[in-house]
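Shared between the two complexes below is chain A, which has chain B as its partner in the first and chain C in the second.
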Partner chain A sequence: MHTFAELIIVLIILLDLALAVTGSLSSCIRLVALQGVVAGLLPLLAGAPHPRALLFAAVIVTLKGAVFPWLLMRARDQSGARKDVEPLISYPASIALCIGAFIASSWMGSRLPLPETQVAWIVPASLATIFTGFLLITTRSKAITQVLGYLVIENGIYIFGLALFVEQPMMVELAILLDVFVAVFVMGIAIFHISREFDHIDTAELSELSDWRRAGDAK
Partner chain B sequence: MLLVLLSFVILLFSALLALCLGRNPDRAQDAGAYGAAAASVAGLIPSVHTLISGNTWSLSLPWPVPLGSFTLTLDPLAAFFLVPLFILTGLAAVYGVDYLRHYSGRKPLGLAWAAFNVLTASMALVFTAGNAVLFILGWELMAASSFLLVLFEHEKAQVRRAAFIYITAGGTGALCLLAAFSLLGSGSAVLDFGSFSVSPGGVASAVFLLALCGFGLKAGSIPFHVWLPEAHPAAPSHVSAVMSGIMIKTGVYGIIRVLGFLTPWQEWWGWTLLFIGAASSLLGALFSLAQHELKRVLAYSSIENVGIILLALGLGVIGVVSRAYPLAGLAFAGALLHVLNHSLFKGLLFMGAGSVLQGAGTAELDALGGLSKRMPGTATLFFAGSAAACALPPFNGFAGEFLIYIGAFRSVNASGAPALAGVIAGLSLACAGALAAAAFTRAGGTAFLGEPRTGRAAGAHEPGPLMLFSMRALALLCLLAGLASPFLLLPAARAVGSGFGPASGYAAAQTAAVPLIYISAGGLLLLAIIAMAAAKRRAFLGGKKPAVGATWDCGYAAPTPRMQYGASSFAQPLTDFFQPVLRKIGQYPVISEYFPGRASFSTEAQAVFYNSFYYPVAARIRDLAYRFSWIQHGRLQIYIMYIVVTLMGLLIWKL
Partner chain C sequence: MEIIKPLSQYLAVMVLSPLLLGVINRVKAFFAGRRGHPTLQLYFDLYKLFSKTPVYSRTTTWVFRAGPVIGVSAMVTVLAVLPFAGRPSFLSFEGDFIFIIYLLGLARFATVLAALDTGSAFEGMGASREMQFAVFAEPAFFLGLAALARVTGQTSLAGMFGALTGDTWRVAAPVLVLLTASFFIVLLAENSRVPADDPATHLELTMIHEVMALDHSGPDLAYILYGASLKLWVFGSLIGCMVLPRHSGSWASDCALFLLVMFVVAAAVGVVESSMARLRLIKVPYMLITAFAFSALALIFQMGR
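Up next, the complex of A and B:
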């Protein structure tokens, strides 16, 4: 069984790398959804699943695999923005950063004082996923990619939780999931409103709203 | 104690009510002002009771704040500051009703009243707090609410600038206080005042210096005074009265409290206080002589009076350290009496300035003149306040300074440090008193006497009845406090004994009661003579109207009001003498022909400390800050990156 779980971990890391280089917004949304579904299936592989665990997994897979992508696709269509992610740094730089993050995560995974985990690489993979989420947030200019980054971070936290609380990660996960659901919902609405007001969802342009200007910059 | 709590509750409730009634300015005014007045009465009863009985009341409520506890302590020292606080805020609230009516519909009066009542409550909290966290809470609330009030007329650029300087000074001061309190409480789990203890030596000196900076910034002592002459004139006049009358005394109170924690004292603390006080009193009086706006004159005069109080505190500290307890007792009692007296007469004077501002539309001295004929009530009351400010008996400004003088003179006979300190204190007090007398003669004379210099002064009118009522009440209190000064010694000595000073000082202070009784008797006699003369004049006139004629004009064919002595020319001999300190900028006409043509003349007083120290330093800090402005550019992604990098750094640091 563990080999199968480790395969999933490898898949998650590959999805992180794919997210770093994918330019199409819709592909990104699909990749994030796929990562969420795969991560949601992970706890079912550890021995005979409890019926409650099955229920939780069903909720998670539904939300991450169907509801979130649908909300985000809708936001993407309604915003009428360009269909690529508009990165602030080049794709090679993104993937270099992602690999760097993975190396850093392996080092940190070996240093973190954690209980022994059954599945190899689960802690580095979770950390790498969190960093990939941050990478999406900080180096992509669209508001929608920031929501995606947020979701990727959530996936990472979920996997990290699996590594820590091998038995009962469900309560923690449910709480986070609820937060994420509300957040995605709110962000979806906010993105829609931003694009309606400003005709774009480029956060770089939003810096015009910044309240602080050097005296010389003032018009 | 419960009444003090009730007073808090009334203040906060009426603040909320005023805020809610903001749509209806008249209602908001009523809620705010009557709330403040009722709270004053509720607060005055326990304060006066504490002063008379000498008991200390304490109240602790559960308050789940780290290091904090909701401990209120009402000891005679706190009560001695609470009495002027409640008198002044109550009367200022009544005054404010008429004063602010003028702004009805143009300004958010509900907000102004809410800020005023929160300011009052926060000051009362500062005076009664028994815990450092609670104290800082009150302190910051006080800064925030008074900041709002200073910003009342925010459409003027000068007001915005004043408010900015004010909030900067307040923040800097609070920073010093946080450091001082953390040093004081480093040994205990709860920052209660009762648990403060510091080992004598370097740490105690550090606490003293931090407290001196932090509280000195609020008290407005030189060199920490820059915000005061900007902020006090900018606020509405009843707020200026409260700020100048009692809010800056929170700084004095803080210094006294911290001195209480730091026994045994060191002699150089006393010298520091003495020199800061001497510098404040001299320079404050001198700068007030050079100002051209009535409220600025009064603001600088507040610096002078805070200087007198600090000078007396320094004298007392030196006295205690060198075991000259009579000197210490007299100096401390004098300092506290002057706190009370200054709050009464400075409140009166700022209200008078407010009446002028409202009646004539301006408080620029060069635009006023002849107001005593147009606003006789205000003029009389302003002159009464001026007499008190110049320390003329029978008004109250005299008593406190008299005690300090007696202490200084007695210590001259001793040897060593107290003698030198006594000489310095006596000399500075005398010089500052003379300069203050000149400043008030100039301000009162230019504004109220002579002929109006502008049409606005000619069209001036008396203020509303509530404004006059408040000023009359304060003038009466000034007179009463002056006449009853021998009886105020006991409460003052009690406050000294309860807070920090030598308990044996009371006997020394009591020795000053005898001359004070003579002076009060003399004052009563003077009043009786004046009353008799007035009665005689009435009897002689017998209902006839005295003839009114033009003033003798020295033979000029066509005198104009511009030929009067102005504010600049009156003070010119003195200000020229002190030009190296004042650095006023002037433009003087040079007469080179036999028949000179048009000429113009102007002088402008400079904010010397601000221009030559604080502004360059602030500009340097700002330039330094601009170098880092690339950090703050408004890009959301980079901001998130800052957070990520910080979190990562912390994680790696902990690994």
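Up next, the complex of A and C:
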């Protein structure tokens, strides 16, 4: 059983790597959804599933596997943006950063004073996932990939929580899920509005206010 | 009497390795709906080429003639070290996995030198690409073998694959899955199979490995073709030994099962070739970096447990 959980952890890390190298926006959205679903199924492997845990996993899988991808795909289609993620650094550099992050987080995972976990690498995997989320936010130039990075960070924090607690306090988890849901909903709408106002969702261009221009390029 | 089994394993490898390419071609023909050439085609080709007289260009030197011979003899030596069905071959010593990596490097070096010796622009291009991809493929392969040494606690190939049992798979399945994937990608790239290179292409500008053999003829070309089939066997048998850790008592059933797995690996290569398009040249290093990432992850996992 633990080997199976370890395989899932490996799958999560491989999904991190895949996210770091994927060029297409729609497959990025699908990968994030897949990671969310896989992470949501992880607590069910720990032992005999509690009915409450089952219900909770079902909520997570529906939200992360169906609702979020649908919202993001809708935002992608409506923004009319180009269909690739336009990274600011090259893919080999992304993958090297990801592997470096995994090395650093396995070192950190061995240093952190955490309760003994049954599944190996769950702490390094969660830290690496959080880092991948930051990587997506900082090195991709679209607003929609920032939402994706935020979701990946949420996945990482969720896995980290799994490592800490045998059983999740349900209220806390549901509240986090609700927050994330509202956030993705709001960001989806915000992306749509940004692209309608400015004809693009490139964050590098969003550093200035629209009615403020430098003296040089006033037209 | 103990020498007979390793010797017959070795002979089986020497005789059967051209059959792998035949299996790949049959699978490709099946997917394309063609009849394809016979499974034994490479044997006919080798026979035909060996009975021909080689032609040498006047610009070439002894380096050109030595290339194919060094290449094929390096492969023959590698196969003497490599375990067969998880059982040791007759030449096996501590740390021999580094030895086979260097032998593979030597074979590549000899082929590249021979290609450069022709003075042809096309062959120089092929040589440069071969070296460029080797830069990415070799670390992936090396790290993968290092991770395997770490998993099994052995430093000889025979020891590694001998210590690899079903229990190892139960304990370290993630590591072994990653390593198998990494070795399969390296196999595709090193043997110039489809996502990296197209062995059936006839346009020099897009070829990598094939373009280096353009000027070779007769027995030299036969050595190159035979060396390529041996190389496919080397990488295939690493994967075969990895996914087939079961050691039953009987030597014959182990060997039969191993040969079956080898042909399954060849069929898998054929399926990949028929279902994938070849990558653009710039994208090939990305694929190999992925293999490197798999190997590195496997090593980190193993260190962290």
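Everything below uses one rule, namely that the second predicted complex is superposed on the first by the 205 of 219 C-alpha atoms of A that agree within 3 Å, B and C clash if a C-alpha of one lies under 4 Å from a C-alpha of the other, contacts with A are read in each partner's own complex, and residues count from 1 in each chain.
In this text, a residue touches a chain if its C-beta (ideal position, glycine included) is under 8 Å from a C-beta of that chain, and two chains touch if they have at least 3 such contacts.
Just so it is clear, the structure is predicted and the values come from calculations on it, not from any experiment.
Trainee: Sharing chain A, do chain B and chain C clash or fit in the superposition?
Mentor: fit
Trainee: Looking at A:41, would you say it contacts chain B, chain C, both, or neither? Reply first, second, both or neither.
Mentor: Touch partners of A:41: none, neither chain B nor chain C.
Trainee: Tell me the contact category for A:108 with respect to chain B and chain C: first, second, both or neither.
Mentor: In the superposition, A:108 touches chain B alone.
Trainee: Quick check for you: in the superposed arrangement, does A:3 touch first (chain B), second (chain C), both or neither?
Mentor: Second partner only, chain C.
Trainee: Of the two partner chains, chain B (first) and chain C (second), which one does A:91 touch, if any: first, second, both, or neither?
Mentor: So A:91 only meets chain C here.
Trainee: Does the superposition put A:21 against chain B (first), chain C (second), both, or neither?
Mentor: second
Trainee: Scan A:139 for contacts with chain B and chain C and give back first, second, both or neither.
Mentor: Only chain B; A:139 stays clear of chain C.
Trainee: Once both structures sit on chain A, report the angle chain B, chain A, chain C from C-alpha centres, rounded to the nearest 10 degrees.
Mentor: Nearest-10 rounding gives 140 degrees.
Trainee: Is A:183 contacted by the first partner chain B, the second partner chain C, both or neither?
Mentor: Neither partner.
Trainee: Working from the superposed arrangement, determine the closest approach of chain B to chain C, counting only CA atoms, in whole Å.
Mentor: Comparing every C-alpha of chain B with every C-alpha of chain C, the smallest gap is 18 Å.
Trainee: Could you please specify the touching residues of chain A with respect to chain B in the complex?
Mentor: By the definition above, chain A touches chain B via 88, 108, 111-112, 134, 137-141, 146, 203-204, 206-210, 212, 214.
Trainee: Inside the complex, what are the residues of chain C that reach chain A?
Mentor: 170-171, 173-174, 177-178, 285-286, 289-290, 293, 296-297, 300-301, 303-305
Trainee: Which residues, counting only chain A, touch chain C once they are in their complex?
Mentor: Chain A residues touching chain C: 3, 6-7, 9-10, 13-14, 17, 21, 91-92, 95, 98-99, 102-103, 106, 109-110, 120-121, 124.
Trainee: For chain B, which residues are in contact with chain A within the complex?
Mentor: 626, 629, 632-638, 640-641, 644, 651-652, 655
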